[in-house]
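Before any comments, here is the structure.
Going by the order they are written in, the chains are A, B and C; count residues from 1 in each one.
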Amino acid sequence: SVPPGVLPLCHPPSAWGRAAWQPLGPLRAPCRAFSNNKILVELDESSGVATMKFKNPPVNSLSLDFLTEFCISLEKLENNRACRGVIFTSAVPKIFSSGLDITEMCGKSTEHYAEFWRAVQEMWLRVYGSNMVTVAAVNGSSPAGGCLIALSCDYRIMVENPKFNIGLNEAQLGIVAPFWFKDTFVNVVGHRIAERSLQLGSLHPAPEAHKCGLVDELVPEEKLQEKAVAVMAQWLALPDHARQLTKSMMRKAVLDRLVAHREEDIQNFISFISKDSIQKSLRMYMEMLKKKKS
Amino acid sequence: SVPPGVLPLCHPPSAWGRAAWQPLGPLRAPCRAFSNNKILVELDESSGVATMKFKNPPVNSLSLDFLTEFCISLEKLENNRACRGVIFTSAVPKIFSSGLDITEMCGKSTEHYAEFWRAVQEMWLRVYGSNMVTVAAVNGSSPAGGCLIALSCDYRIMVENPKFNIGLNEAQLGIVAPFWFKDTFVNVVGHRIAERSLQLGSLHPAPEAHKCGLVDELVPEEKLQEKAVAVMAQWLALPDHARQLTKSMMRKAVLDRLVAHREEDIQNFISFISKDSIQKSLRMYMEMLKKKKS
Amino acid sequence: SVPPGVLPLCHPPSAWGRAAWQPLGPLRAPCRAFSNNKILVELDESSGVATMKFKNPPVNSLSLDFLTEFCISLEKLENNRACRGVIFTSAVPKIFSSGLDITEMCGKSTEHYAEFWRAVQEMWLRVYGSNMVTVAAVNGSSPAGGCLIALSCDYRIMVENPKFNIGLNEAQLGIVAPFWFKDTFVNVVGHRIAERSLQLGSLHPAPEAHKCGLVDELVPEEKLQEKAVAVMAQWLALPDHARQLTKSMMRKAVLDRLVAHREEDIQNFISFISKDSIQKSLRMYMEMLKKKKS
């Protein structure tokens, strides 16, 4: 059951226009209860700019609950004509998002894996295909799925702190980034840099991420919010319709590829993640994280 | 009726060899009278290099007349065995070309829109698929369709004046660059730069255009002609046949895409440009230009 | 007949896993005698790293004998579970490899051309699709096919000597690099640099090759081996399985394209190379090389 006042994910956004993945048909994400407090959403009606601030301590991991709240919040903004742009940032110090929640992928049922993976896909389809201007204000480290959120935006600004790093480091965990993570990455940094970075599972410190084009701009932490607002204003100066059609033209091929292979991608994920060897290596990774914490 | 001495656009160039869009079949561009004085063509028979100098004041806009003359002039050179390369430049100070003539897209008939758009396609197919070496000597600003001509050449040299800018700024006018403008752009600057520049409708000052790869080289205005001739000599040092086949291999996929969707692209253009909202925004843009002038 | 102790090329590597071109089926390369002494292979069992040192003086040209030995040596390493990475380098001073042996393409039978071209394809399929980490330690000039070997590796280190150059210079000889040379090149340097470099048949001095991304790193000659070992260690720190699947995901489309058009590509090569004009220009090129030598 859906909490009152919360739009279920069962209808496509009405203001979609000729958006990138319009031919998808009605969403099939689950309509289920979830804790509605992991993301702080503020909309400045005068500028038409919303901020979605991730607050899922300790590391803003992308749990099923988080992803569900993320998609519903984003859909509400997408359907709100007063909202034309959204800034993603973190309310947790030093971390933007640590990526997919490993506990969702460990020792769970096949049904759970399917539901979780569908939610991950849903998040990406909604951000990469958004009609709104999307800006990532990356105020902390951003591995794996955290990096994917940033890569899916129209523009990436990162705090210049070299202790913060970003990248698709799946290979380091013994797992493989799905093809649509890869496609999104290639569209940002090109084939060569993506090939090397994905194989090495590289986490790039902010200055290196800027140099290889993974982020567009570095700023001191205290200037991040101001800069994100300025960039947003620059993008919103364009007429929405032309900008949206242009964005769709650039991203449609890659969005369509997942839409066409969505169920297959879920099955691939399930069979990969269910392997004993993968389960073992994820458990070892979690043990390591626990020890590190204590 | 075709003026005497002018080749109609009804036959494919005979010297085409295995050129990029050979499978096109006979051209369907109109055989009609036009004013034959908007482009100065000079051929240096000793070097095999022609220059096409645009002279359509005040801003070298790409009117139907201009495009027709352009295609016929280029076809003549393409068919002339004495000609192996062509340099495009402007005879109008401070402007290379201002792009498509907006008056051709405003308050005209459906038939006119179709004829105009076919001529725009024709121009691009001929430049991007040319067997000759093509060098753009960009001696002024070059927005939209003007930028497309430059992007379609083998090499782009621009005057280093930061007041001259270049880019596909269609989004600023509330319109969308067609997919083959986009494909050409991506082939030059890569996906990421194209995505950002197209959505923002960016006009890049010469130094920035050089930095992002949109132009290959900057020179002082007085060195432009000399540099273009030197670059041409470098490219003509290669055996024609191998160079042409290599060029075709690099560009064929993108050329074929328009050839396969040419009529559909014309229909898309007509239905887009016929919209009241688009007509209104083009009229406003023209008013603004008039005021600016006076 | 195959010499004892030498694996024929008739079986796919058993340790292939989900490697890039697994769906190929059994190899069709010839099982024939050849001189087994053009490549020095050393395997350091402790690190799992092999070195293949080309020793085919005077210029390490890729003759049919060389290619056959190359493929068999590489297959043996691929099948050896103790081997996880391979470094390619040259035992001949100042030259990495001069590329395809022109004598194999001049005045020979159609059958010979077919056998030769199949061996060239085989070499590329095996290097570009290798499950091992592949590092090119480029200690000399590396035109055409030599450049292709380097481009097909995971990482390229080149001696910083500006007298050493590298590039796909086929156009300079009046011939055209095949589409899979081009695809490999584009995946490394992007469309624009590839388009220009291929049309001009550019040989890039080491510093320029580094600047345009054709090689990843430059080092003094005396540091080359050490650097190659260090890079290899960095890549081998990743779990093999995830790295291999990631590599396959990045390269599969380009590998599949040749696999799907392999016979057609052989026929194209034969009909092109059999032309009188091409034979004449290759003979002239060989004459020039001979004169240069004496």
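In this section, a contact is a pair of C-beta atoms (placed from the backbone, for glycine too) under 8 Å apart; a residue touches a chain by one contact, two chains touch by 3 or more.
Keep in mind it's a predicted model, so treat the numbers as computed, not measured.
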{"item": "Chain contact topology (line, ring, star, complete or other)", "value": "complete"}
{"item": "Rotation angle (°) superposing Cα atoms of subunit B on subunit C, nearest 5", "value": "120"}
{"item": "Centre distance in Å when subunit A and subunit B are each reduced to the mean of their C-alpha atoms", "value": "39"}
{"item": "In subunit C, residues with contacts to at least two other chains", "value": "190"}
{"item": "Contact set on subunit A toward subunit C in their complex", "value": "170-177, 179, 182, 190-192, 194-196, 198-201, 277, 281"}
{"item": "Contact footprint of subunit A on subunit C as seen in their complex", "value": "154-155, 186-190, 213, 216, 234-235, 238-239, 241-243, 245-247, 249-251"}
